[in-house]
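What follows is a set of structures to go through.
Shared between the two complexes below is chain A, which has chain B as its partner in the first and chain C in the second.
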Partner chain A sequence: MNAKKQINEAAAYKPYSWQTVLEFRAMWVVLALGIVLPFLVSKPLATEIMIYALFALAFNLLLGHTGMISFGHAGYLGVGSYAGAMVVFYGGVGVWVSLLAAMAGGALVAVIVALLAVKRKGAYFAMISLAIAQMLYFLALSPFKRWTEGEDSLKLPPLSVDFPIHLNLSDQMQLYYFVFVIVALAVLAQWRLLNSPFGHALKGIRENEDRIRACGFNITRIKFLSIIYSGLFSGLAGGLLAIYLGAASVTTLFWMTSGVVVMQTVLGGTHTFMGPFIGTMVFLYLRNNISNYTDRWEMWVGAMFMALILLFPEGLWGTVMQKIGERRRPSAS
Partner chain B sequence: MLLQTKGVCKYFGGLKAVDQVDFSIEQGKLKSIIGPNGAGKTTFFNLVSGLYKPTHGQVTFQGKDVSHASMNQRSQLGITKTYQITSIFPRLSVFENVRLSAQSRVSMFNSWRKAYSYSALNNRTMEILEHVGLADQQGRTASELSHGEKRYLEIGIALATEPTILLLDEPTAGMSPAETVEATHLIRKLSNELKLTIILIEHDISVVMGISDEVMVLHEGKKLAEDTPEKISANETVQNVYLGKGAEPCSR
Partner chain C sequence: MELSWEIILMQVIMGLALGAIYVLLASGLSIIFGLLDVLNFAHGTFYMLGAYATFVAISLCGNFWVGIIAAVIIVSLIGALFEMTLLKRLYGTDQIYPLLMCFGLSIFLPDIIKMIFGLVGKVVDYPSLLQGATFVDNLILPKYRIFLVVLMAVVLLALYLFMKKTSIGMIIRAATRDRLMVNCLGINVSRVWTVGFMLGVGLAALAGAVAAPMVQTIPNMGDEMTIEAFVVVVIGGLGSLGGAALGGLILGQVVSFVSLLAPDWSNVSIFLTMALILVLRPRGLFGEEGRD
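Let's look at the complex of A and B:
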């Protein structure tokens, strides 16, 4: 007790920057919004937002927090989705085991990508991850058709959860809250991860890879683990997606999935924690509404994306944080 | 001898950037390496730091051959370098710049515990910031610091790895004459107070004379002289390299 007091007195520092404090609050605001989301937008859209937001956060572990750009995140999401669906379809296991399998599937692809590409930087890493994801797409489409059902999708029976409470996942409302709770826990876990010594080392790599190596960090191993974490959370999103769609679909593995997650993340702001989540909300909301009016929704979404990026160069949330920072600076000591 | 090189060479194709250099430094000493631009100082320095591996020859540290150890391995052994061009973590706070570097000795992979909960690390960080005179700047974002402050932060980051031997690559680069004087005093102070062994690289001969225990002069990749500052100043060959050919690199 006494020792603790001494440290507090000696510590004239405030280690948590205002950005961290603000992000922490934003996280709770967004999660609180998640509680009422199915009453604001349709339940399927709300569910989809949660799943893809988790996916975007997982993607941003690499892009925003480690500084590695991946164009192959469909691979993690898709294999997670198939792994989760297959253990249900062929193994007859429950939903929880399915989600574990999905995480394992995502992590497995991550290990393969990491083994092949962890030492590659920038575009090389992006291209290798894209190539692996495309390979997985074509494998699922045809050679493995016997197990994946190819273009027909691997359809799941109606699912329910008995533990800790009974939930009928065919009911849209119950499904939403099931997904929401898991996504919220995953968001909190990622927050914890990014504020751990490992998470700080990731920021160090992003800021100055050469310097962090000179400080004695083994960046190859840190990146390796970062890719695996990203695969793990992406796989979880894939498992949830299979439950939500009631099927594992080969389009999940298609390169467009990898592209859309980049857009969602950039739209929200890559240098922030909650940016990808907010970006996903806005992106899917716009897409959903525009596609009600026109079949050419891609064109309109594309135009809006460009307009938003011009207006918010650091992403929606990133630019807000930047503006707050500028306003703070004159008064900051 | 704490650190020794025997006949180290580094060739880049046909260019002999460093050629047969024998060098040694004792514990607690401050030794400077000087030479005109292009003399091979930085290359030699990077052979010691581990960025380059020698073409020939050997680097030993505390009696162990470390010629082929990588930069992060050497850092973990206690050889830490600073950069000629300021190399910090621009978007992190001053505090976090130093704390993160200190963290390399404690934890790299712990993904659950809070990074700021290691009070020993936090205290050590504040101590280092006191040493380099940045304690009152600790909450600022590193990119907002002035050039001189960034150079001190650079040294702070290096100190945080608890080096046995600190390699400083032109720590006063880009500083004003007044700042340079201040910085050289700081370096001497660190060497005295922390009992640090320091290797200092400079092209400006006047910076090192007052603070070094010994000076080695490199010229065109070869060792030209190695002696106390007084004898180096009096050395004719050195004078020729620096003055005779009108090669005083900075007009100070």
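Let's look at the complex of A and C:
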């Protein structure tokens, strides 16, 4: 009798909340959608969606999961992009090394930002991260023009991969699946990261920093690591971007890149895992289609963004999750 | 290059004039942040609106001074409208939502201006009174730059007196410290916020209006200025008027001298100065303890 009760209790014990289960399923649905995406939209758009979705997820590691407002993610993406392109351009190395270099580049910028601003909160962190990214933009634009080619952008030769299978990255389809596999692996890695004890500590910092400190966690160290993880994944996205564009361009470092990733993330929902991915898909799809009808894209996106903040601050996926939560609540035990 | 003392003095004056623009801009940003806890991402956008409003007002009435005053009033009213209709609904939520609302406005408005005025820059002439330069010995003193420095000093003094001596200023300072207590005293804090936002936006518009003759008036002229205003308040300490003033003047000198000695580095120097200050004094020059 007692044993049966124990078994029942064990069966009733749910290690994961319904949100986690839902997000986990959503992740697989979106990744499955990724397999057929180049047949639904154009191949370049599909590739762009994957790269920027990875970037948005990396960005949300700070904004949504740790609660730090970063407005300088262009710095991580752009330096990642340049690092990846430069080792190919000047060093003649292969694609895999280039991606590693891109991650290192993103992480390096993250270390600089973290050293200067890890202890600053809210608006201060936003301003400092934005300023550092803008500094990198101007550095690439003129003092370092000799190496970055400035506004002409650093152009790459056609690339191919030989390991583990041969891929010609000039072919749009092969490029897409190359990018897709890397992005999917990175998404899974981030899922693993956020559902580890470290990931839960991040959420704790977002919800109540003082309490987490009182629990004995080293807040500064956790935030520092969180910024670096964000930089690593952003740098990887930058490396993929350089391969996709065939060049490292200085516009990647421009502050608008940071602004766009903020909009994509908020559109999908900052307090969710898959929100940024979904937001990026919707954002880039809309941009591609609206710009066919009007050249006033910025006006529309600005107005829609302001309406979104007022009406659906949790974003598209966040609002869906909220509605499901409301429906569940009466029956929840 | 031979650095004679004339050239150095000349650069100092140029730097002071540029610094004056930064000071006006950053003090507005600082007031808004101190009072409303909102990081106004659209600050440069209001600066841009100030320049365009000056252009429109001057082409309507023909007088520079009337143009500047009209511009400040019009842009303050636009700011008040934005605060009352959109921003006010977001107070009390996470700090990021008002920030994002301002960011949305900074994307939206320049495109509207682009639609009305086109991409080509508009020219605002120097007022006839302040054209050219005066000469003292070998020194060339551009009149307009001198005017900017004087204007900044007057505005700062007026702002100081307004904050310290008038009852509205006292209420604003009190609301910056403790909005709940001020509310309990029977003062309509919501209206104080609107006034504070108008004041901050008005300063940005004034900066844009007086900068208009010196710079190219284009729809995206404000974007860079938002970021530079952020740098000024990070250097000076957010929420401190004295900090905004000192930070703006320092940055003006840095830009002025670096663009003389190493033009390539002039844009970068702004941010390097910020990084240096952050390493030496993380709170900024006049930053308050515990406010970050």
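Please note the rule applied: the second predicted complex is superposed on the first by the 313 of 333 C-alpha atoms of A that agree within 3 Å, B and C clash if a C-alpha of one lies under 4 Å from a C-alpha of the other, contacts with A are read in each partner's own complex, and residues count from 1 in each chain.
The rule is simple: a contact is a pair of C-beta atoms (placed from the backbone, for glycine too) under 8 Å apart; a residue touches a chain by one contact, two chains touch by 3 or more.
All values derive from a computational prediction rather than experimental measurement.
Engineer: Mind working out whether A:I165 is in touch with chain B, chain C, both or neither, as first, second, both or neither?
Structural biologist: A:I165 contacts neither chain B nor chain C.
Engineer: Touch check for A:L311: first (chain B), second (chain C), both, or neither?
Structural biologist: neither
Engineer: Just to be sure I read the superposition right, which of the two partners does A:V36 touch: chain B = first, chain C = second, or both, or neither?
Structural biologist: neither
Engineer: Thinking of the overlay built on chain A, is A:V301 touched by chain B (first), by chain C (second), by both, or by neither?
Structural biologist: So A:V301 only meets chain C here.
Engineer: Classify the contacts of A:Y124 with the two partner chains as first (chain B alone), second (chain C alone), both, or neither.
Structural biologist: The second partner, chain C, only.
Engineer: Following superposition on chain A, which residues of chain A contact chain B and also contact chain C?
Structural biologist: none
Engineer: What does chain C use to touch chain A in their complex?
Structural biologist: Listed in rising order, the residues of chain C that touch chain A are 33, 39, 86, 89-90, 93, 95-97, 99-101, 103-112, 115, 223, 227, 230-231, 233-234, 238, 264-265, 267-268, 270-272, 274-275, 278-279, 282, 292.
Engineer: Given the complex with chain C, which residues does chain A contribute to the contact?
Structural biologist: On the chain A side, the touching residues are 63, 69, 116-117, 119-124, 126-128, 130-132, 134-135, 138-139, 141-143, 145, 255, 259, 262, 266, 296, 298-299, 301-303, 305-306, 309-310, 313.
Engineer: Okay, in this complex, where on chain B does chain A touch?
Structural biologist: 49, 71-72, 75-76, 80-81, 83, 87-93, 95-96, 99-101, 103-116, 118-119, 122-123, 125-126, 135, 138-141, 157, 160-161
Engineer: Sort out for me which residues of chain A touch chain B in the complex.
Structural biologist: 7, 10-17, 192-193, 195-201, 203-204, 207-208, 210-219, 221-222, 225, 229, 271, 332-333
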